[in-house]
Amino acid sequence: MIKLDKTLSKDVSMELFEFGDNILLKHHIKNANEIKPFLEVNHKFWLNLCGLENDHLLKEISELFAIHPLTLEDIKNTSQRPKFEEFDENIFVVAKMIYHKNKAHGPITEQVSILFGKNYIISIQENPYDIFDPIRTRLENPVGKMRKMGTDYFAYTLLDAIVDKYFDCLENAVEKIETLEDQIISQSKKTKLPEIFQQRKTIQQIKRNVWPTRELLSAWKKSESPLIKKKTNPFINDVYEHVIEIIENLEIQRESISALVELFMSNLSLKQNEVMKTLTIIATIFIPLTFIAGVYGMNFQFMPELGWKYGYLFIWILFLGSTLAMVYYFKRKKWF
Amino acid sequence: MIKLDKTLSKDVSMELFEFGDNILLKHHIKNANEIKPFLEVNHKFWLNLCGLENDHLLKEISELFAIHPLTLEDIKNTSQRPKFEEFDENIFVVAKMIYHKNKAHGPITEQVSILFGKNYIISIQENPYDIFDPIRTRLENPVGKMRKMGTDYFAYTLLDAIVDKYFDCLENAVEKIETLEDQIISQSKKTKLPEIFQQRKTIQQIKRNVWPTRELLSAWKKSESPLIKKKTNPFINDVYEHVIEIIENLEIQRESISALVELFMSNLSLKQNEVMKTLTIIATIFIPLTFIAGVYGMNFQFMPELGWKYGYLFIWILFLGSTLAMVYYFKRKKWF
Amino acid sequence: MIKLDKTLSKDVSMELFEFGDNILLKHHIKNANEIKPFLEVNHKFWLNLCGLENDHLLKEISELFAIHPLTLEDIKNTSQRPKFEEFDENIFVVAKMIYHKNKAHGPITEQVSILFGKNYIISIQENPYDIFDPIRTRLENPVGKMRKMGTDYFAYTLLDAIVDKYFDCLENAVEKIETLEDQIISQSKKTKLPEIFQQRKTIQQIKRNVWPTRELLSAWKKSESPLIKKKTNPFINDVYEHVIEIIENLEIQRESISALVELFMSNLSLKQNEVMKTLTIIATIFIPLTFIAGVYGMNFQFMPELGWKYGYLFIWILFLGSTLAMVYYFKRKKWF
Amino acid sequence: MIKLDKTLSKDVSMELFEFGDNILLKHHIKNANEIKPFLEVNHKFWLNLCGLENDHLLKEISELFAIHPLTLEDIKNTSQRPKFEEFDENIFVVAKMIYHKNKAHGPITEQVSILFGKNYIISIQENPYDIFDPIRTRLENPVGKMRKMGTDYFAYTLLDAIVDKYFDCLENAVEKIETLEDQIISQSKKTKLPEIFQQRKTIQQIKRNVWPTRELLSAWKKSESPLIKKKTNPFINDVYEHVIEIIENLEIQRESISALVELFMSNLSLKQNEVMKTLTIIATIFIPLTFIAGVYGMNFQFMPELGWKYGYLFIWILFLGSTLAMVYYFKRKKWF
Amino acid sequence: MIKLDKTLSKDVSMELFEFGDNILLKHHIKNANEIKPFLEVNHKFWLNLCGLENDHLLKEISELFAIHPLTLEDIKNTSQRPKFEEFDENIFVVAKMIYHKNKAHGPITEQVSILFGKNYIISIQENPYDIFDPIRTRLENPVGKMRKMGTDYFAYTLLDAIVDKYFDCLENAVEKIETLEDQIISQSKKTKLPEIFQQRKTIQQIKRNVWPTRELLSAWKKSESPLIKKKTNPFINDVYEHVIEIIENLEIQRESISALVELFMSNLSLKQNEVMKTLTIIATIFIPLTFIAGVYGMNFQFMPELGWKYGYLFIWILFLGSTLAMVYYFKRKKWF
């Protein structure tokens, strides 16, 4: 599947930000050779690559930055679990971003690989989604921390932007769950089960990505690599706390959904009970009456009651009495 | 969102208690500059701030007490998880208080940030709720521990007041759950499911706040900061035990609620079974009888039974016999 | 709430056993002053106090034995969690005893606080229940271990007596659960759900007390206090194992109860299915027949069948044929 | 309950195997005194005691082998949890064997206590069951390991024989569960719930015994007693792995049973749904028809339709049309 | 069961690959003696044995490579749990491969034992399945890692091939689960429960094998054997991560299946509710009407209504009015 053309395919785009305390230059890069010179200048740079289709390019980059073949495979394999790996020269992080293209559908998961060394940060996205826009904005600020602090701080800001997206997705799900809850408690008519199950799937999808992200951050916190400076710690702690908060919220939402399903099912049972009662009351009252009417509709030649003067009146008294007795019985049984 | 007016907005109020072994002075403070002089006197002071709307004020205070920008953000972000953080000069605690504004509704959660240094305690509430009234009372007592012991003891009393509120909420929930239980066992008529689910939510809400409070206290217990004196330990242990007790109680209540839902549903099934039996008994007895009556209501010209002298009598014997057979059958099946 | 009268209230009783290798003296004590002399003699003594109503007395005792104010609060607060606390001069244990006043009702939980120092053991009960009778008996035995071994062994025997009561309660619950199981499997008629839930509550109540008792014993085992002698270890291990056994049994009972509820509900479903089948069979057979009878009960002037000689015979053949067809259909569907 | 007669009761039997590299002698022992000489010879010996009724004998043996009074109690208390205890002179193991006396019933649990010192192994069974037959056979083999290796290896073989019995019971349960599964999937008629619950109980019974057996073996593996030789380790590891395998299998069976109950209940729901549909279809078709027939069975003097020539024909067309409409409606609703 | 014929049985086949940097020779081996010479040459070799029926051969091999008797038993016992065992001269690994012979049925589990020493790798399969074909292909590549790296790398490739098969099985199951999900949500008619349970079993079967595989790899990672070289670590980490990914996926699938069963059951309840409503509506409307018709079909001599001119008209108005009232009632109750 290796494409040998050295130009970028349509689906792959690269941008390189060269930056220092007093400088910010944006370069559009076409191939790996153009990156080489930046490795030797004094400034730091951020290379953002969108699209994994150009195998040749990825291979060249991996050679340029001495990336282990297994790491390259992790970058290409978009179902890679989030993880944190230290090497001698750089640190490699796989993260998953999650976002809604369309609020009506479930969220989309995409892989972001981050590699940072002493003076470079590389981020590799699957598609050119705008998740890093706020970072570009912050980078333009000449007095912000982005330019002054190390590449580890830069990598932190990327992770922070990714984790913020989890909050968005979670909030979206919470909102929908609360709407469903209101609908179920107020017992409006439509079936909502598939919608509940849709939200359960979303919660599960976030959970599936956020758990390994926690492990990733935990590994970062424990890391003793010289690339990770002590003063970045409070920031990583901060993201870590956000992730813990998301995890706890997911658990709460999971329980809410279970309670919702339970409530839905018990509402259904309550309604069915009511339906059964209605049927039973009507049937229990009228079936015996119909029988009595049937009796006096028989054509026997000798049926003395038929000739009685007050027979018909008497039969109506029987009908009404029987009905009242039944109604009293059901009242006492608290059926209505 | 930064308001530049240096006066307090309506929603923000500050009070400062200057205290020592023989002194207690209450000051009303309008801006951060008025606090500065207290930092240099020999007495300790407690600054209680209600309302987070005045960003400018918070910034000034954070500069005055050398608060880390991330800590300031934690103070402002009212969905911050409870936590314990040690710094060189002070200790920062985020706690959640929970209380009922109206017993008919669920409880309200509010954030309380506590920061204490060598001779000051700052508590920051979201709204001017009276949770710290008992502390003001205790502070007035010139021979109590409040004035004599260190700021860590003072912070403990604040936490203790907060944890006591959890007990109130829990007790309120337990009471309601027990009422529901009695109603369900005695099978009084009204639907109670949404009420049960309301209590489940309350339990969950307390749980969500009390678990990180446990972690907070656990971190305090392990802390080796010089600001935390050894003789405060038994007191912190005491709050810690209270929190454990609350956690265990929550678990028990959670199980009680599950059992309640189960009991409710099974009662419903039992009732439905009874309804079905009633219908079945009536229908099974009368449907065949109605059929027989229908047969002798037919207008065939040649129906010998119709002319029999005892035909009508015979048919009544058939009716009664069939009914008795059915009743016997149901008795044997233990249907009633 | 402090009562200033120095005499014991009706609800508080004290007894003091002075004992040594060759001596056993029982004293009735009225106030804390009478205890003082025993602290200085060579013998050990056991002070058993029933009732927590006399605040003044408790305060005097706590001064006599140098009890920390928080510990005193633990003694008075009868909802205190079981725990083990070491102090320099003595060891403080809170335990919960559980017993049946009346086998028909659920068990009652009561707090027992135990404090032992070098030559004294104090036990404080809520009510004068006879749980420590066997200990009094053993104490009378001049060659038993009770008199010879240290106060830690004495405290162990008190705990052992308490844990034995858990077994009694558990056995009582197991017995009732097994009776319920037999009743449900044999499907005798009465509703048993509230009884099952009663047993579930009992199991939960025991569990709630036995878990912290395990922690208590675990802390004792790890304790390095000079008050705890090495040769008491096997005995504490023994109680510990009993507690583990109770915990495992509780778990098994909890699962049994869940299985019972499930069995009960499925029996109910099976029965309901049977009821529905009966109704359906009767209705399905007779409703069409009734319709046919109804047809020939119509009063149209022109209904040729009514004049046929064998019309009536033919209609009976139709009735029987239709019935047989239905019966065959249900047989094939395995409905009966 | 101590019996003072020095002869063995009918329910107690003892056999003693004296063995060495080149020797195997079987002795029938009547009282503890007869054991004493073997303690001083060079050979090792295995004492197998069946029955716990003779308290006097057990006491004599416990004195002979310096058994701690609490250990003696563990031997006598047949509800003792499996455990591993090291003493200076010997090692004490309590295990539980489980076997089927009758495959139709659930398994029986019996306690086996094992005590081994430098040159003796004592095994104490509740009843003379033949679980150790294969060990007797292996012992007869002069070149086998049984005679050459130490008493720890001998104890291992006893445990191995016990654990093998767990496999038998488990397999028996698995077989029955699979039969039930087949019956439920093929939906044969009989109720199987109590049988499923019987198997659940068996699984629980095995689990209850096998878990502490795992702890026992784990303690053995960690033991540093000089009585346990390094070369026995692979064998103990082997039994340990078997126990882990049993535990994993039990968990799988537990899940299978839950799935079975769920499948059973859902099959029941499916069937009930079918019953309800049958009733509803019949009733919905015929109830309106019966009404129409009833209308034309009324005896009003002025009912024009009755005089129409084609009235009767028309009414049959109405009957058929209405029926077809209903059938079409149910078809569209996919009811049949 | 030992077969004494020295030739291979039909069910057992052996192939031996002798390989080095520049060499690859394939030998067909018939008995253990033919292997001996390879142990002394400088090249490494891989012996792949399919079939466990020839006990004699296995014994000879075990003697040749100094395999512990318990290890030989592990090889032969195909229900052995996956494990990792270090010996002085070699490392022994038991793995389980899982594959579909036929996609319509559940997967098949087979044991693969791997033993590797300094210059040999032995793999023993139950049946001659082609799982190692890709390895044969890679071995033919003279510049690949297979020939250059140590036997530990070779063992890794075997494990990797086995773990890849888990992914295949998992994907197959996921596909089927998603198909079932679509079918259930779209509510197509057929019963799918046994199919859901089939997938649950498959998930359980994979889980059962993949968990101990994780332990195996974890043990490998911690191993300090000289046979395991440091540069193989990243590769083992890679397989380990795959296994973690499979485990997480299994958990997700398990939850999906539970949700599916829940959805299926609630769909069933919804349908049953609809069926009940249909029946109730029809019965509630027509049963009272039929009664009225029955009343006027009675043959009393004195029934004034029958003689009224507009009696019949009036009765139809009654019929229609009653029907409309019922329909209005059901509408208001939101029954349709």
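Order as written gives the chain letters A, B, C, D and E; numbering starts at 1 within each chain.
One rule holds in what follows: a residue touches a chain if its C-beta (ideal position, glycine included) is under 8 Å from a C-beta of that chain, and two chains touch if they have at least 3 such contacts.
In this text, all values refer to a predicted model and were calculated from it rather than measured experimentally.
Engineer: Strictly by the touch rule at the top, which chains does subunit C share as contacts with subunit D?
Structural biologist: none
Engineer: Starting at subunit A, what is the smallest number of hops through touching chains needed to reach subunit D?
Structural biologist: 2
Engineer: Quick one: report the Å distance separating subunit D from subunit E, using the average Cα coordinate of each chain.
Structural biologist: 26
Engineer: For subunit B versus subunit E, what separation do you get between their C-alpha means, in angstrom?
Structural biologist: Here the centre of subunit E sits 43 Å away from the centre of subunit B.
Engineer: Using the touch definition from the top, which residues of subunit E touch two or more other chains?
Structural biologist: 269, 272, 276, 279, 283, 287, 290, 294, 297-299, 303
Engineer: With touch defined as at the start, can you tell me which subunit C residues reach subunit D in the complex?
Structural biologist: 185, 234-235, 238, 241, 244-245, 248, 252, 255, 259, 262-263, 266-267, 269-270, 272-273, 276-277, 279-280, 283-284, 287-288, 290-291, 294-295, 297-303, 334-335
Engineer: Which bits of subunit B are touching subunit A when the two form their complex?
Structural biologist: Residue positions touching the partner: 68, 70, 79, 81, 83, 189, 191, 193-194, 197, 200, 204, 208, 211, 261, 264-265, 268-269, 271-272, 275-276, 278-279, 282-283, 286-287, 289-290, 293-294, 296-299, 303, 305-307, 309, 311-312, 315, 319.
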